[in-house]
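Two complexes, one shared chain (chain A), two partners (chain B, chain C).
Entry: the complex of A and B
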């Protein structure tokens, strides 16, 4: 009997896993004992970290797109469709463009995130973001013509993709405006929902003096309640009101609805064992990347590092061996501290991050990795 | 005055009588001690509470520092420095040169990149990269053999020239016509030679796999 592995989602986690399994399960795939299907709602793979550079005119959204067919091993079946329901008892998936459900033996959910700006009244109309292709392009148009006034970067939703990206954008905007001789005419304010400037205390401790040194205003305990696009004001649940001329927000994030409907977890995040990445409420279901509620950040590096755990555990089960691989929370994030310098944080479930001094070399490393990301997607790096 | 104290005084007087020179010397030294005590009394009068605390604190810090410095590790370090003085002097000179030329800052930044690389990698990535590197190395080994290199260059130049021209659609008649072109004849001969070699290679590989 042929065992069927279905991966839902062709982002970093899903694509890297598909190529990982093509190598790991090569004998079974060749003998027809295993099939692997990658199910995605678009024929293209999107590398989202590119969007950070779009508002500053340093990247185009097309730089982050490649056809899945060019990246995925030919032994993997690619199917373009959208999952509409998951039945973990019957082990089937319903799809938008198919009358017949897809049967699976092992399911991996790598469905990522969607933006939910509608959660905060007025945010969609009054705020910009760089967490989508359209958002990054619209923000570019605003930012290029922004020469004076109050720029507010507000982290509205948490958890969100790439947890250090709000700091990166703020540091880059500060440096970008300085380089163009506009900083004195632009006031910058950074808001964060908890009582420090980042959710991870060591990162907050590192970032706060940098923000202060650059004369960037900080508003902590600022949970956005509403935005008034006409008056250009933003009000927090704590009662603070901020005037803005250009609002850049990190909108609330959600997983896809079918995950909650299938009873796999709330808000579209799958409840998993933090180490095995196996779903808590269903058999033979795994989640990785942004979809998995592990407490690790929602970042591409996390998805990348989780792939080997899921790949090894799936392979062990298919070969009838007890799976032993576990994920230790390994995370690595670059942090751009300006237009020409960067640092990075590396941490896991046990060890806290400690950013080294920013340097041009680390900035170059980030640029180089972004360019060579396509080797990661192909499973080579 | 008690009887006990009277006895002690008598013993002291007897001792002085027996050692008059030593007693004279003691009294002379006692004068010097008294002068010293006067100086200390002057100092004591001049000091405030805060100054006393400061002096005491400094003294305590010095004592603690000395105690801290004299650990097993620092003693070992001092021994190592002593044994390798000449080498350390040379190393320090090199360090100073790096500092003067600005290369030290560059090295520190490169150290950050090295730290980044070690943080980013995991076992799977090292294995995968090593595998890719090995495959590329084997490919490079074959590609750099002189004949292979020349042949590949010929092929790549041919591909580049074809790309630079606008290719025409060619039917059977066009193919027959082109076959009369000496360049095409030479190229076809070359391609047939490659086809023959590939066939021979695959036959040999197949035979080798069958016998294994």
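Entry: the complex of A and C
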């Protein structure tokens, strides 16, 4: 009997895993003992880290798009459809464009995040963001014509994709405005929902003096409750009101509803064992990347590192061996500290990050990685 | 296994055990958004930071920490929405 592996989601985690399995399971695929299907609701793969550079005119959203068919090994079946329900008892998936359910033996959920700005009244109308293609392009138009006033970067939702990106945007905006001779006419404020400037204490301890040195105002314990697009004000649950001329927010995130409806976890995040990435409430279901509720950041590097764990465990099960691979929380994030310098953090479940001094070399390393990412997606790097 | 006893009846529970910082506090704040004034929510957290993060946030936001019950495996923090 042919075993069927279905991967839902063609982002970083799903695409890299598909290519990883094409390699690991090559004999079984060739003999017809295993099929692997990658199910995605679009024929294109999107690399989201490109969006950070779009508002500053340094990238185009198309730089982050490639057809899945160009990236995914030909031994993987690509199916374009959207999952509408998951039945983990019957081991079937319902799909929008098909009357017949897809049967699976092993399911990997890599469905990623969706933005939920509607959680905060007025946020969608009053704020910009760079966490979507349309948002990044609209913000670019605003930022290019923004020469004076109050720029507010507000982290509204957490967890969110790329936890250091709000700091990066703030540092880049500061540097970009200085280079253009506009910084004295633009006040910048950074807000964060907990009592420090980043959720991870060592990153917060590193970033706070950098923000202070650059005369960037900081509001901690700021959880946006509402935005008034007409008055251009935002109010927090803690009772603080901020005036803004340009609001850039990190909107609340959530996973897809189908996951909660299937009883796999709340808010669209799958409850998994943090080390095996296997679902807590269903057999033969895995989650990786942003979808997996591991406590690790929602970051492309996490999805990339988790692929080898899921790939090895799946392969072991298919071959009737006990799976032994585990994920240790490994994360690596570059942090742009301006337009020409960057640092990075590397950490895991047991070891805290310690950013080295920013340098031009690390900045170029980040840009080089973004270019070579397409090799990662193909499973080559 | 730790047995935690308290007289407080919570209207809602946020189980953030296993979640790393700032997850527990963010989960609590998310739940409080949905509650009515006077409702009590209990946060279950095994993160040490919650013992300081939550009281600091409650003071800042005007909500009230009613009780913190420390256990061997996790802590329970009872917060009343003001």
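The criterion applied here is as follows: the second predicted complex is superposed on the first by the 381 of 381 C-alpha atoms of A that agree within 3 Å, B and C clash if a C-alpha of one lies under 4 Å from a C-alpha of the other, contacts with A are read in each partner's own complex, and residues count from 1 in each chain.
By our rule, contacts are C-beta pairs under 8 Å (C-beta built on N, C-alpha and C of every residue); 3 or more make two chains touch, one makes a residue touch a chain.
Since this is a predicted model, take the numbers as computed values, not measurements.
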| item | value |
| --- | --- |
| Touched partner set for A:381, first chain B, second chain C, both or neither | first |
| Partner chain in contact with A:223 - chain B first, chain C second, else both or neither | second |
| Partner chain(s) touched by A:182 [first = chain B, second = chain C, both, neither] | neither |
| Partner chain in contact with A:344 - chain B first, chain C second, else both or neither | first |
| Touched partner set for A:194, first chain B, second chain C, both or neither | second |
| Partner chain(s) touched by A:231 [first = chain B, second = chain C, both, neither] | neither |
| Chain B versus chain C as contact partner of A:352, first or second or both or neither | neither |
| Intersection of the chain A residues that touch chain B with those that touch chain C | none |
| Residue ranges of chain C touching chain A (in the complex, touch as defined) | 18-23, 25-26, 29, 32-33, 49, 53, 56-57, 60-62 |
| Residue ranges of chain A touching chain C (in the complex, touch as defined) | 119, 158-159, 193-195, 199-201, 221, 223, 225, 237-239, 274, 293, 295-296 |
| Complex contacts: residues of chain B adjacent to chain A | 108-110, 112-113, 115-116, 119-120, 122-125, 128-129, 132 |
| Contacting residues of chain A [partner chain B, same complex] | 301, 305, 308, 330, 332, 343-344, 346, 356-357, 359-362, 365, 379-381 |
